[in-house]
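Note that chain A is present in both complexes that follow, paired respectively with chain B and with chain C.
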Partner chain A sequence: MIAASRPRGEAAPSVPALEAMRQAATVTDSSSVPAARRRRSWSALLWVVPAFGMYGVFVLFPMLQSVQYSFYDWDGIGPATPAGLDNWKAIFTQPELLQAVVHAFVLVVFYTVLPVGLGLVAASFIRELRPGAFSTTARVVLFVPQVLPLVAAGIAWTWMYSSDGLVNQVLRAVGLDQYTRAWLGDLAFALPAVGVIGVWVMLGFCTVLLLAGIGKIDPALYEAARLEGAGRVGEFFAVTLPGLRRELVVCTTFTIIAALASFDVVQVATQGGPGYQTMVPGVQIYRLTFLQQHVGQASALAVFLAVVVLVVIWPIQRLGREK
Partner chain B sequence: MTTSGLAHRVTRTWILLALMLFAVVPLLSMFTTALAPPGSTPQGLSWPSDPHWHNFVDAWSAANFVALFRSSTLIVLGVVPATVAMATAAGYALAQLNVPFGKAIYGLLLVGLTLPFEALITPLYYDLRSMGLLGTRLAIILPLIGLLTPFGVFWMRAHFLGTEPALAEAAKVDGANTWQTFRRIHLPLATPAWSALSVLFFLSSWNQYLLPLVLVDDPTKRTVAGGLGAFQGQYGTDIVLLCAGSLLIILPSLVIFLIFQRNFVKALMQGAVK
Partner chain C sequence: MRSLIHYRRNLRATGVAAVAALLLAACAPGGTSEAGPVPSKPASTSIGSEPVPLKLLVTSGVDVPFYTALGKLFHAKHGNVTVKVENQDYATLTTTIARTLAGDNVPDLVRVPQLGNLTKDHLLLSLDPYVEAYGWNAWPQSQFASTRVGPDGTQRGTGSLYAAGAGFGLTGVYYNKALAQRIGMTRPPATVAEFEQLLAKAKDAGLQPIMTNGKDGGSVYPLQNLMISYAGDAQAVQDWNYTKPGASIDNAATVKGATTLQRWGRAGYLPADANDIDQTRAPAEFIKGNGVFFPSGNWQAPNLDKTAPGQFGFFLFPPDVAGGPSYAMTAAANLGIPAKSQNADVAAAFLDFVQTDQQARQETVTLGGLVPAGPTDAPAPTTPEGSAVAATVNAFQKLLKSNGLVGFMADATASIHVNSLVPQTQLLLAGKTTPEAFAAKVQSDYERDLGR
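Coming up: the complex of A and B.
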């Protein structure tokens, strides 16, 4: 009698990942609940205990352990010896640790800047198309890489970049034989090559999210821009871009986390090599703990990575909240 | 005007086609490679004169796919319903009830949203070892529940903040207690939210790579993605078999996506009209 009459605000769930990220962006500014409805009750705690318990045991507690480990020298088996700030100093003084952090920021260009830029172009083009087979196909095809396991993306692109792979095949076909190489083994090209895999994975996500955002912009704004004589480019900067602020924040947040904390793709494609050319913090932490038994050093890098992500993401989120 | 309009349309179509080509070409290259004669090293993209469909059967048995899919299914079943249920309860309480220390609890959960899995993997390994769970599926299931929880609570809380307060008030007037209000009114209305969350959690469990890689040695007790990693280590030099196996492994994710694709295109269109 009561339940049935509620009008559905938002339609059905759209792409789960997208909707997730969108709500993630909104949630912070919609937390006010009328005080009248609230009665403090200890039984309400029971609703939260299971979720928070699992989170506490398998996330919060290990995080604190990481902080603790980071001040010790430990091989994972014998007794741990206090190491003071040595592990922390090493992050800034040992080139192979510092390099990994630098590479993570280089990957931001590929995981974030390029997909968001190309996604804006693709989304505004798809928007101009009449709804139909081509626009649907474009959307679906571009999004496919996002749903595959990153391991599969790594394997597919390792084959693309290999000596007999498609990249070299195309170069040979157009007579550029002298540029062929094993891309992932090349000192100069390995990192950009890994970056392109990131573009491949993230482009569809950004396109579909931005496209949904463009769909929500009031068409009257476009009409007004056109009446004032704005061209396609003028329209883009005056209407589309400002209208997409929230979607842009969500895209940027999601892809930056993926870039700074990348593991799967790098581990599968290069394992950080050749040398340290594609080493990233995620892979370095894995190697330090499980191959070299430097648990303390791995933990310091892990905590540092978590803090770096927070520090980078926080201002972007604030930007999204400002009106 | 018309010529520039035409030029724009042509450029637009070509750029979109180029981006679509970029998206599918690695998968096409895998596909043609998977059909090449077993043990050969074909060119990146070349249709074999005599496609060897049997490669998929060989890869199926080489990677022990039956065990791998069974294991992944068990892991998904262990993670998704439990996490969605707990996140729904917590999200509901944090949005609609007056939970003691609710703000602090929610604040702590927010920290978990940006936490990279790698930042926790070292202590998790030693914790699970001392619990005696290393090498079992529980070693993947339990941490994954904890790791997915912040996002789930976040998502469900956002949904429950948007529900009409008048509904709960009316139910209370009718004499319903908290549980009845939740069960009869809020939960049915939240179906789109928690079902979307389930799909999302399915994909992130099914595609999970780091946890199985580190916590479980036996590939047949891993997720499909973890198994794929092991498969690559074992057959990395046999590119034909590797491509066939990888395609088999990504098929379920692809099918799930294509099924839900129809729903979300419709939803996006409705959003656009609104």
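Coming up: the complex of A and C.
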């Protein structure tokens, strides 16, 4: 009864407090005595308190604190002085800060669009493979980047991208000498090069998640599509794609957040350079906080980034909920 | 469904209450604004006889065996003091030092990468009483300039002393002796123009004239040297480094220096992928023979000598006019005494010891790769003849007397290096900015950093 009233795919609670409340709500719905309902509802609230307390202390409070800091000029240690809207104005007037946000959106193409697209293709192919050594190997190979720490991935790719690295060796081997370059040191190619690292990391995650989603699609649907004479492509658009709506929403949401809030790969591979070509808000916030000790400015940029992420994520979530 | 709405209402009420509580309690974040410096404790040069654990926090890597050795020497002299060396990597220490010193478990001596707000926030002890007690004021004073901080807590080069160190870094130009011979270099270039001719000869001979790590700021060294050479003296740059009011590098010397560096980049005197070479790869490439010249610092010298003894030389960056003064960038490996240290007197004794003791000064060169300064009559450390280390030590002694030591522009403000100098130099080498725009941009970033 409870399970049936809960929409599919929300079984894994992202926020414990909300899930507890949702459950409590469902339970009381089934009760018919108003007095009992009232008593139960209060006791249910009691169950929420510990989770909500933790959530409040470790998530809500720091968030509100960041908002508060963003209106101060503070070095993190000494006295703070009110700064009004200066920190917020700087985001829109300092070209380097706004440019970093733009770069984050360029990374969305590499962290989200390409991995989700390629992930769909890969998952569709792997689905058709008979379960066996090859299919397992394919999954493992695609998923391994997800297991590696991003810092390690960044270092490994830095070597591959260097003048004598693997990428240039391959180009030379196939006679494309004129295209070799120090990829991460090239003003035009540094950001796409960082983006490709993102593709490599995110592709495995998307493929595995989408494969799991495909596994849940009723095989009868595929059979029906075949009987109706649908080819591979038709089958993909008629059955696979609609069946993966929720998984696609999760993939897109997760990877967009990873793109907009990226830090590790950039910090390790390019430190924002050459010039300002790969600077992203994550690295800016880190530098502002720990190097420049401008906690107020860093907080303003962090809150701004969080709002940008929410604004981008929100319509995607809506899309996932529609019937 | 009604109960859900009911819950939502409750939740909203709780939320409003939480925000209200926060706003009510919201005073400005951070500490209180106590005025004035930390009252100096009565300084004493006595170490006593009670057992004292002296805790050092230094940077990871070569610093650990170096300070451990210094600690052993100190323990040998003062048996009741046991030196314990802890370490954090440079980047971590830079980002956590303020928190560490504000906490309860502070070290007695800490490697200070940058003074930043440490003095303004009263986290470091003023060493003035010890300067007096140990007679450091009779030593050449240029060695202490970079760690003096004025009463405003920002301007350096004047005011109270907050850190001192065992030894100094020093920049110049390394050269590969064999390759230099091949291009007919018989003596270090006397002028910038002569240096440029050598670069052209190297290029013609099919060699890589200069190796540099443009990815993390190695190309800023020759640029700063060019600026000083063209200016004829280091005053403007030094004022700028110490954030003296009105200091500016948006001037003709900077534009000329940037023009020269850009020209060198275009002519292929710098590696085509300079912006992708970091500080690990550059010395490795230079050792391999990729590069006749390598503008860098004395911290490279021990490794160069170890890998290929006697094969690498070192000279100071040439002046613009023959016979003009030479300059080099320098920075001390500074140690400060945290304001909360329980053993400040012993810590100060250790600082005096590492600058004056003969064995300690020898270890500073041998293990630390740094040049000790100290008093004028201090024992000079011995170095193998013809080694790169010997060349750097000699150059330092010469500059200490001629007042030719200048701080790194990178240390002017906390972020000028990563946010301005490095990216702007990269853009300069890539031809994406002009020398004039370069000078103006670095200056405006600097002024913004300082809130001017």
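We adopt the following convention: the second predicted complex is superposed on the first by the 261 of 323 C-alpha atoms of A that agree within 3 Å, B and C clash if a C-alpha of one lies under 4 Å from a C-alpha of the other, contacts with A are read in each partner's own complex, and residues count from 1 in each chain.
As a working rule, a contact is a pair of C-beta atoms (placed from the backbone, for glycine too) under 8 Å apart; a residue touches a chain by one contact, two chains touch by 3 or more.
Please read these numbers as outputs of a predicted model, since none were measured by experiment.
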Touching partner for A:291 - first (chain B), second (chain C), both, neither: second
Partner chain(s) touched by A:78 [first = chain B, second = chain C, both, neither]: second
First (chain B), second (chain C), both or neither touched by A:305: first
Residue contacts on chain A - larger count, chain B or chain C: B
Partner chain(s) touched by A:102 [first = chain B, second = chain C, both, neither]: neither
First, second, both or neither for A:60, with chain B first and chain C second: both
Touching partner for A:151 - first (chain B), second (chain C), both, neither: first
Contacts of A:185 with chain B and chain C, given as first, second, both or neither: second
Partner chain in contact with A:273 - chain B first, chain C second, else both or neither: second
Touched partner set for A:69, first chain B, second chain C, both or neither: both
On chain A, the residue positions that both chain B and chain C contact, one per complex: 24, 37, 41, 45, 52, 56, 60-61, 65, 69, 76, 162, 290, 295
Footprint of chain B on chain A - complex, ascending: 2-3, 6, 9-17, 19-20, 23-24, 26-27, 30-31, 33-34, 37-45, 47-48, 50-52, 54-63, 65-66, 69, 76, 118, 121-122, 125-126, 128-129, 131, 136-145, 147-153, 155-157, 159-160, 162, 164-170, 200, 203-204, 208, 211-212, 215-216, 232, 257, 260-261, 263-264, 267-268, 281-282, 285-286, 289-290, 295, 298-299, 302-303, 305-306, 309-310, 313
Residues of chain A that touch chain C when the two form their complex: 21, 24-25, 28-29, 37, 41, 45, 52, 56, 60-61, 64-65, 68-69, 72, 74-82, 96, 161-163, 181-187, 271-276, 287, 290-293, 295
Residue numbers on chain C that touch chain A, as the complex places them: 1, 3-4, 6-7, 10-11, 14, 18-19, 22, 26, 28-33, 94-96, 98-99, 102, 116-117, 120-121, 123, 214-216, 272-277, 281, 414-415, 418-419, 422-424, 426-427, 430, 432, 449
Interface residues, chain B side, partner chain A - complex: 8, 12, 15-16, 19-20, 22-27, 29-30, 33, 41-45, 86-87, 89-90, 92-102, 105, 108-109, 111-127, 142-143, 145-147, 149-155, 157-159, 161-165, 167-171, 174, 178, 184-185, 188-189, 192-193, 195-197, 199-200, 203, 206-207, 209-210, 213-214, 224-225, 228-229, 232, 239, 242-243, 246, 249-250, 253-254, 256-258, 260-261, 263-272, 274
